[in-house]
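The following pair of complexes shares a single chain, chain A, combined with chain B in the former and chain C in the latter.
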Partner chain A sequence: MNMHAQPQRTPAETALIDAFGDRLSLLPGDGAVMLKRDDAIETIKHGLPTRRVESWHYTDLRRLLNTVPDFDPAAMAKAIAPIVEGSAVVSILNGKSDAKVPVLEGVTFQRLSEKLIDGSIAPGLDPYGSDDAIGALNTAFVADGYFIDIADGTKLEKPIELQNLQAGGQTHVRLPVRVGAGAKAVIVERQTGDGAALSSSVSQIVLDEGAEVTWLVVQEQPETATHLAQFKAHIGKNAKLTLFVMNAGGKLVRQEIMVRTTGEGADFKLRGINLLAGDTHTDVTMVLDHAVPHTTSTEVIRNVVTGKARGVFQGRINVHQYAQKTNAKMACNTLLLSDDGEFSTKPELEIFADDVICGHGATVTEIDHDHLFYLMARGVDEKSARGLLVKAFVAEVIEELEDEAIVEALEARLDDWFVAHG
Partner chain B sequence: MPAVQDTIDRVRKIDVDQYKYGFQTEIAMDKAPKGLSEDIIRFISAKKDEPSWMLEWRLEAYRRWLTLDEPTWARVHYPKIDFQDIYFYAAPKSTPGPTSLSDVDPELLKVYEKLGIPLREQEILAGVQKTDASELEEVSDNVYKSGRVAVDAVFDSVSVVTTFKKELAQAGVIFCSISEAIREHPELVQKYLGSVVPTSDNYYATLNSAVFTDGSFVFVPKGVRCPMELSTYFRMNEKNTGQFERTLIIAEEGAYVSYLEGCTAPQRDENQLHAAVVELVALDDAEIKYSTVQNWYPGDAEGKGGIYNFVTKRGDCRGDRSKISWTQVETGSAITWKYPSCILRGDDSQGEFYSIAVSNGYQQVDSGTKMIHLGKNTSSRIISKGIAAGFSQNTYRGQVSAHRKATNARNFTNCDSLLIGDQCGAHTVPYMEAKNSTAQFEHEATTSKISEDQKFYVMQRGIPEEEAIALIVNGFVKDVIQQLPMEFAVEAQKLIGISLEGSVG
Partner chain C sequence: MLEIRNLHARIVDDGTEIIRGLNLTVKAGEVAAIMGPNGSGKSTLSYILAGREDYEVTEGDILYNGQSILEMDPAERATSGIFLAFQYPMEIPGVATMEFLKVAMNEQRKARGEEPLKIPEFLKRVKEAAASLSMDMAMLKRPLNVGFSGGEKKRAEILQMKLLEPKLCVLDETDSGLDIDALKIVSDGVNALRAPDRAFLVITHYQRLLEHIVPDTVHVLYKGQVIKSGDKSLALDLEANGYAGVIGEAA
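Here is the complex of A and B:
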């Protein structure tokens, strides 16, 4: 990262550095983990990224993160009902994992604090690079989370729902997951709460050969919270990962997605909807590495921007030199519904192999007047017609998920959002 | 797939080793001492006999430049440039400011003849200079091919000659070197210079503002349609020099001008720096068409030598209903860093960018455009085709943005690239920023989407899909090339007779 010498620390930077000093004695970890924490806080000391750092071009974290709440030991979050009935729920309440975990055949849940203390998680704590501010922040402060192992061949009938719930203060959690060969699972990651919190959350998933996972990120933070999240995945041979991300809340949100195909035949699908309202800033940044031959990916992002919301989508597809026969397609469509809203998008392709099919498309537009006319000519009033069209625009992506229970659950979230912001 | 093979063969043919303008010429040169300082700037300014306001302007830019850092965001890699090791001023000795071609050093004229720029022939045909029949015979072939183009020839740091000046003057068009304009038309230069690319704009533009040595100046007054194509031909000859030219084109209300630029340099082992600034101003209802065939020396097959082409080009559609169109054919330079842009300030103004960038050997291209929509009902169109071969890296980087008040801004972007071989890279980095809900932006990077109708039409006549696409894309390229004046069109056509099917974004 081209970190320019920062003239002066911002209050947020100072607060983070001070908090690290105060918290250090409370943070779990063996020598190796504590060393990683020290390295990570050094990155923060160099300053939070500004728009001069290319990967943060549209989210000037240094400027946007203006206050950092203190840790609040008294904050109490309560577990909530899962979005799909009958899911196995594991919750992290205000940054602390619950000792009580569901019993599922073939699935092991381990509290992350234990893995920090014994140091077995240390190798996974390294940030991606010098511009990985979220990775560094999380590594410095992470105190808990869950490690989940799904044994080879396990086929889960019901989803696992990971709830990360905050009630103010700061929370920093990590969710490493291994999905064994031939295993199949649906995992829901809920990110919500009701405080003006700063939360960082890193999910790391490894898919072994032939594993199939649908991972849903449902982010519904209150409009006072700052949510900095990362989703990292390695997709093995013939494994399939479908990642669905729904952002419908938060004051300052950055969801990073870093995916790498590591085995031939790997397939990645990303479907995302960003429902943006109020005076908020939401950034979805994806870096997808096609690192081996014969892998495929498709990404579809739909954005609805209302109010004074600012939205960002950055998507980079890297096709490495040996990754011949890659097939990758990306689309980002935005409906800009208000004059005060804005959306910036940067869909990048970096291609070093010649026998590939890669493409991307991006559009920003308002509601199609012909569509509106069609509906209004049939007696639908303008407001309802607009509502129908906007909903159809995003629901299309949800419906692709096929699993009926999940589609219904997500459409219910969508309805909630439209009721609140429509 | 014969069409694909044809493309590959043609691109191989424009391999870097076959650069045919790599000769150098021994001409007595007048040079400033190496390096950069306020004294050098004073020296340049004095050489050019500039008024004091110009010197002040340069010094201010220089002082600002000292505070700037070299940009690193582009996808290009090169060793740090030592600005103290460059001659910032080099001029052929025999030119105290020639008034006619007969004053020009014949060696110089030979250079341009060798490059296929027939300065003399054109003047002869126009009757500017009397000559005997035998000379005419000799040149007639060239003349037929080239049509009538007024040329400003820039050799290293100075403009050596400008043709057709008188005829242009009759129409009210001013076409001369920028140094001359600073002396003869200071009121115009003062009004417009730096108004599109301010001295504080970016590292290389600021450097250029401090040290620019020459370039072209065009002023087309209200309601005038420039009677002929205007052209500047840049030649870098001297070793260790940098070329810093500055071009300023102004089209007043309702005026029209088509301008083109060509460039070459000798084959050398060390890198040379070319940091130009081009400013275009179009007032109400004016139209400026700017075409470039960029053929600087690209370096040898091992990536040694070649020109660093760090250029700032920007057009300002200042008036309502104005239009600026950039067409570029990029084949040369070791490194290209160039984003011809349009600021669509006037209501109903239009910006266009057509680009074909071919890279081979170890060339690095980071090029594209910016379309900044500020006025109402503005529209822009970007068509970019990148072809990477050898070990080259070819990046399209483009920005489209709609300001909050830019209602009904419209943009269509299409950028395709083709990779030939697995050692090269093709990259696309589009930035789209919409701050107005009535904006309509489309960006696509797939071949299948271009004109389904046309494809259907051709395929319906029994032509297979691949060839149909090739035909359509070739047809488009031809359109662009046909807009170039003949002498450049021939060269460009040789460089790109290329089909683009099988493309990737």
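Here is the complex of A and C:
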């Protein structure tokens, strides 16, 4: 008797498996890529993860992903203005890269479909394990994206903005980026659109020695879209990565962050703000591996929860046995503004080295009444005073980014959200 | 301008009665000092005037220009011209001081039916006010009161008072935490605002502040009541002989 019989497939699982059969002949890739796709769809066939899978405990994907839209080749998406004026913009419109790319000294843009066809991307397509549903989904269906190479020593004055814009249906894109030794760049990853789409997006970045990157994920999907994303990074010797994640939309969102320090002196900063409204579910899950000695990290996540929104932050820091002198600090603070909203935080430290500094903290608060009284005592009406305090709570994280153009751009996104949900 | 009639008030949380039948009248143009020992209800009185929700008025009334303010929330009181300079100004991370000043000034202008200030005019006013209080503009680039020393916070309160131009100014122990030089600067700031149509309620523990801000009237608060009123000589008397004598007389 089989004690582990698969439960009946959900409509979403069936739709994905059927879509794979229908799409297979259209998906680009050489033999190696196609083998990865076959493996990936097998993972999906085993069923989407449920709350019984530890890493999906707070986001029961099998239950939450109840419908999957069909692919819609006719859907049109249009490029939008970048958040920082003067950025070099590359757009993926409804899952398809544009042949026209900006000319930027020291930077090579290559359409990912080409790298799928020649198979050079195949080694990077493996999901990281059996519960990597997003990796599997993406590997099975990925059709396009961009590969970006920033040559050693290139210092970019202006950001590169990668726009992944959906117009409904399904889109599955991948953005591998190599940042050469000593190079410096700001990269904006825009995730938005206007359809009830299923979007999967995987960003993979490698920072060579001494590279410095600020990567901003600005996710503003409509409240009808499902957005499943990964950000994976390897940080080399003395390289610095600041990852800023802003979730301000989407019906069902999971942003996974997998970061590994691979060289001594590597530094990682994660700053995140989750602006949650309506009847939505947003999950940010980070796994950080301090894999070599003398590496540092800090993680600060701020959440604003309104309406019936549910949020999740899972932050796992693994300090490997030889990773002595690791210094890691993690904080997750939530401002809960409604009785029906909820936020779950799960910090995990797994430490195998004995000479490290690691800490974490989590708070859930309401608006501070003393602060509210102070602002009102200066004539600011209650609604505006509350707005100021909520904005301040998240703006603090943005201001840490220091670069004025970026701070202004993100605060503008923040203002847009408050206008829509204030 | 201000008339407090038989005011009784208690702490909402535990029902402790703090103000027990307080009567006080302050006329336009007057500087009234409120003195009293610790725990007499001085700070509570200032919070009740500003409309803090932690206190509940159970009896009596507070009339401001002849109108009861008990039903007004703190913002409405502020826009009607009541200003409280806090004893312990709140640190509010993430709210930029300049942004806050602009919002506060414009909210008050809006309530009075005036146009919002243009940026250059706003900056000019802030710069002038800051200079008069020997405040560095760099300080105002920081989040509201965050990392300010005790003295800097008090100056920032007076700066706000100057910019908002209230009609009834309540100063809650503005002298605490100030060294002599800062005390002089802050007092000069307050004195410059004295006007026939503006009243001050200066709450203090010590006579020291009243050497710089000379009051027209002095009121001794004890156990939630005004037990004695007089002119500035009363403050000197308290300084010399302590509160015991006055309390004994009233008992």
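The criterion applied here is as follows: the second predicted complex is superposed on the first by the 417 of 422 C-alpha atoms of A that agree within 3 Å, B and C clash if a C-alpha of one lies under 4 Å from a C-alpha of the other, contacts with A are read in each partner's own complex, and residues count from 1 in each chain.
As a working rule, a residue touches a chain if its C-beta (ideal position, glycine included) is under 8 Å from a C-beta of that chain, and two chains touch if they have at least 3 such contacts.
Because the structure is a prediction, the values reported are computed rather than measured.
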- [ ] Could you say whether A:80 touches chain B, chain C, both of them, or neither, answering first, second, both or neither?
- [x] neither
Open item on the list: According to the stated criteria, A:181 is in contact with first (chain B), second (chain C), both, or neither; which is it?
Closed with: neither
TODO: Determine, under the contact definition given at the top, whether A:363 touches first (chain B), second (chain C), both, or neither.
DONE: first
Open item on the list: Touch test for A:407: chain B only (first), chain C only (second), both, or neither?
Closed with: neither
TODO: Kindly classify A:27 by the partners it touches after superposition: chain B alone (first), chain C alone (second), both, or neither?
DONE: neither
- [ ] Considering only touches as defined above, state whether A:151 meets chain B (first), chain C (second), both or neither.
- [x] neither
- [ ] Check whether A:376 is in contact with chain B, with chain C, with both or with neither, and answer first, second, both or neither.
- [x] second
TODO: Report the partner of chain A that touches more of its residues: chain B or chain C.
DONE: B
TODO: Could you pull out which residues of chain A sit against chain B in one structure and against chain C in the other?
DONE: none
Task: Residue numbers on chain A that touch chain B, as the complex places them - done: 2, 4, 54, 57, 321, 324, 334, 336-366
- [ ] Would you mind writing out the residues of chain C in touch with chain A in their complex?
- [x] 50-53, 73-75, 77-79, 83-84, 86, 89-90, 92-95, 100, 103-104, 107-108, 111, 143, 160, 164
Task: Parts of chain B lying in touch with chain A, wherever the complex brings them together - done: 69, 72-73, 404, 417, 419-446, 449, 504-505
- [ ] Could you pull out which chain A residues touch chain C in their complex?
- [x] 369-371, 373-382, 384-385, 388-389, 391-396, 399
